[in-house]
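Here the chain labels run A, B, C and D in written order, and each chain numbers its own residues starting at 1.
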Amino acid sequence: MELGLIGLGRMGANMARRLRKGGIGVVAWNRNADVTKDLANETGLKAANSLEDLVSRLKTPRIVWLMLPAGDVTQQHLDQLAPRLAPGDIVVDGANSYYKDSMRRGQALAAKKLHYIDAGVSGGVWGLENGYALMLGGEKAAMEHLTPIIKVLAPAPDKGWLHCGPVGSGHFVKMVHNGIEYGMMQAYAEGFALMKAREDFKLDLGAVAEMWRHGSVVRSWLLDLTAEFLALDQELQGIAPYVADSGEGRWTALEGIEQGVPTPVMSLALMMRFASQGKDEYADRLLAMMRRGFGGHATKEKTK
Amino acid sequence: MELGLIGLGRMGANMARRLRKGGIGVVAWNRNADVTKDLANETGLKAANSLEDLVSRLKTPRIVWLMLPAGDVTQQHLDQLAPRLAPGDIVVDGANSYYKDSMRRGQALAAKKLHYIDAGVSGGVWGLENGYALMLGGEKAAMEHLTPIIKVLAPAPDKGWLHCGPVGSGHFVKMVHNGIEYGMMQAYAEGFALMKAREDFKLDLGAVAEMWRHGSVVRSWLLDLTAEFLALDQELQGIAPYVADSGEGRWTALEGIEQGVPTPVMSLALMMRFASQGKDEYADRLLAMMRRGFGGHATKEKTK
Amino acid sequence: MELGLIGLGRMGANMARRLRKGGIGVVAWNRNADVTKDLANETGLKAANSLEDLVSRLKTPRIVWLMLPAGDVTQQHLDQLAPRLAPGDIVVDGANSYYKDSMRRGQALAAKKLHYIDAGVSGGVWGLENGYALMLGGEKAAMEHLTPIIKVLAPAPDKGWLHCGPVGSGHFVKMVHNGIEYGMMQAYAEGFALMKAREDFKLDLGAVAEMWRHGSVVRSWLLDLTAEFLALDQELQGIAPYVADSGEGRWTALEGIEQGVPTPVMSLALMMRFASQGKDEYADRLLAMMRRGFGGHATKEKTK
Amino acid sequence: MELGLIGLGRMGANMARRLRKGGIGVVAWNRNADVTKDLANETGLKAANSLEDLVSRLKTPRIVWLMLPAGDVTQQHLDQLAPRLAPGDIVVDGANSYYKDSMRRGQALAAKKLHYIDAGVSGGVWGLENGYALMLGGEKAAMEHLTPIIKVLAPAPDKGWLHCGPVGSGHFVKMVHNGIEYGMMQAYAEGFALMKAREDFKLDLGAVAEMWRHGSVVRSWLLDLTAEFLALDQELQGIAPYVADSGEGRWTALEGIEQGVPTPVMSLALMMRFASQGKDEYADRLLAMMRRGFGGHATKEKTK
């Protein structure tokens, strides 16, 4: 069993390592040839010199997995790749692509008799060791061809992966996953902030987090991580209070509005990130001015 | 008709002016005697040297209006005042007191056969000219005795004031008024911030606000104020993005939770003020650390 | 001065009336010819038999104002209308169209040397009498040609209308206007609900609203309306607790997310409408089941 | 090692079982003597006939653990118990008491030279088997005396329990724990509701939840429970969309407001429960009426 892998960033490189350990043949291409060469030395994968080279070294029906940034970069590589493939070949997009883009791409490839599988991949840096949670959308036949590879990437052959449904459903489920993640993270952050504010109790927040990991209702993997860093430093003075956001968090919030389904927690979690980025400042200036206007700092009379 | 007035801050002084213009006798006391003297010269009110002096110069049944900061200051003056009053006298609390405190105070005074009226006062610096909206709680008989004074303070003898109900109801209605105010202010601020962010349209926000004042659904007094300051400067670069909050906004949010009634807009408006004050920073540091934890910046493996 | 008017629904018909009273010539077309005929008899407007007829009866450069439902209906009429117009003619879209659609339409018409003006119209049923707030986007020259008509529709010749900026900016400003409206409405609704819940005070909510109209910080046109219906009935038992939402409210929420600007109040106001429509029910079922799961109703042991 | 246990409801009875299995002596009292007798037969605990009997059968310094509903019931038992205890005895409150009540109670007991320990207990029905997460507040010496009992109740002798700090801190940490729980639950519920609404993907939500349990970022114990019930039925048609709330959820929201710390996710999660209980209906009626007012259903003209 083998696949072509395009993109050897942190995620792609670790996935290549896990695939190789699992006995899967990997033909890889990366824009930086040195990265590919190093990884070839480390794992025994085959380094391709170009997209064409990669395609030519795979047997049909080919499996080509794109592990690139979502958006333009993924689209550009897809545009270059598609004309070089043969009917029946399978393209997997492992980026955090917007599921509506995936649905459109799936249709475009289907017109060329190519199969498209959208793969939402979760697991971050722990995936190499623990396996990746995989949320997959696409046709059944293509999925079956891909399955041996999926079983290696997943936490266990029968766990942590799912053929969710048609093209788009994999990235859709991953998007919702990330929306939930935003809400959970914000819930923990608010709770720990409340405990920090209660200074008279002098709580050891690392110890609280560690304790909650065992037997409490809020135990989770995110709590495991939190307990780990709070044990080292609960003041976090060296950390900037700036929280980046990404496409999936925004798309989930958009989805709630488009579907007409209330998603207050997901949406607010996102907006608090916007606020952390200073995007609330103009509104705050306006509010300060309004207060001044009716609160008594005004210097001239208002005539209605 | 006359009353005793304790407290000649910005609100108290302007109320004294309006009362004097309306022909009401005012015996006033302020901790700074110079302020009292100046206002006596300006308006013809009688300056009292002490609380005792103030009480002694009023005919029974006396009306004594406290116009002091809510909380401890109001309570202390009430404690000094009450023993000097006679059964049947009326105490009016014009502060933004918590309505639960007012209910308690009303009971305490009733035990001494004193009447208590809680007066929520709205109008800010415009009150002197336009009159004050007055939300009053207390017994009917005491209210009737107070009415001639209220008619002078209000925007019109039959407009802008209401005997809401029993003791506490005046401050309760004022509290809710301010909660609504928070929500409305935040709604405008978000809207103008969205328009500011859309830089390519180069909108003149002062002109937009001015236009909305006429015929639009969102026209209001707060919009009048907003149009005025945006006409002068829509960049607001010189204004700190810091929005103070006050008791009433918090109490309204507490009330929603205690009553089990959803108040998402009032509560979020309050919380965005907290965020403007930097109170979201610890949570944001935690979120940044969590993202680092699973996002790939971690330097050691997590063993579950 | 004259214009062609397509669409004589409630808004369109009242606008025709106001235009006729202001001395503007109106050539109108409506899918129901009887409506057009009746309005012709009432106002002296000229009834067109078809779009072609309407176009042929206007002098160039023509002004054709569409007053149709946003979306497909507006687009279809635009598609039929555009080929019949001559370079230099002006099309005005008075619907609550999505401003991104307007930007696209403006570009499409510009390619045919037609001018497009997007007109956000506020004022509802009161517009006939009080005039309409008008938020306009488009090229300066076209706007100048349209101005005499705008001055008749607006609350006053120099008030309540604005050339906001380029094509799209009129509908954009109207969209934000409606987003603010959602937030303000929700703020009032929460406040009155809190007062209703406090049963022991037996508040007369109609009287409270009426009182706030004078001198309070929260006075507004929405409060005027609220005071009017609460004076008649504050129980509202006959009203279904169902709040519809519309495009502009959703688009404003989308805009906040796309711009990365926090809009918690606008977004929550929208989501509470979704909840009133029962769209929160599946989430609530899940929550009830989760509570059952850890709260003790489970009948079998969970093995982790 | 032994303790007195007051209250043998579901939580209390299971804790008695776990204590007995761990070799701890238990003298128990319950208002229903049959329950005590049955549990005595099952576990070998000693049944007390009365509070006095319970006290008399324990050696000093006694440990008496109250496992009763928070609020009045706990307070009444405490009032009856305290006079019967001797200086140095320890009272543990295992209810979900408000931490401010616990601080007050701790002071009252300290005046009588009694020790008070507030114990937040998490774990629900799984606690018997898996152990209880225990969050404890109180003096160090009393805690040390209690520790052998805690080690039996906890998931492991050195895991899942913490002496958080002074009296009140145990219930405070438990309160925050439950606030986080509300936020996490709502995040999951929103996510699954979004997936349910996307009908065209025909997602198997039980399979999605099960998959996420392995390797995903959102894996947690709450997800374990959710996967279990969704596997059986993902329609949940038989479940009422009604979500109860409890003291801790409300207190956490109050705490955020009192501390001035933004807790949007916790607060919104609570308010969506209020909405599920129909507490949004009056606000929704008002909103429907406002829309009618300006939207064109009004039958008479408004004169400003």
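Annotations for the structure displayed:
In this text, a residue touches a chain if its C-beta (ideal position, glycine included) is under 8 Å from a C-beta of that chain, and two chains touch if they have at least 3 such contacts.
Chains and their UniProt names: A, B, C, D = 6-phosphogluconate dehydrogenase.
Just so you know, these numbers come straight off a predicted model, no measurement behind them.
Seen from the Cα centre of chain D, the chain whose own Cα centre is farthest off is C. When the interfaces A-C and C-D are ranked by C-beta pairs in contact, the top one is C-D. Our note on geometry: chain C versus chain D, Cα centroid distance of 47 Å, whole angstroms. Inter-chain spacing, taken between the CA centroids of chain A and chain C, is 38 Å. Touching two or more other chains at once are residues 124, 130, 186, 188, 190, 193, 197, 217, 221-222, 256, 261-264, 268, 271-272, 275, 280, 283, 294 of chain D.
Contacts between chains leave no pair untouched here, as each chain touches all the others.
Residue ranges of chain B in contact with chain D, taken from their complex: 217, 245, 250, 253-254, 256-264, 267-268, 270-272, 274-275, 277, 279-280, 283, 294. For chain C in complex with chain B, the residues that touch the partner chain are 122-124, 126-127, 130-133, 135, 137, 154-156, 159-162, 164-166, 168-169, 172-173, 176-184, 186-188, 190-191, 193-195, 197-198, 200-203, 207-208, 210-223, 252, 255-256, 259, 261-266, 268-269, 271-272.
Residues of chain B that touch chain A in their complex: 10-11, 124-126, 129-130, 185-186, 188-190, 192-193, 196-197, 221-222, 224-226, 228-229, 236, 239-244, 264, 268, 272-273, 275-276, 280-296, 298, 301-302, 304.
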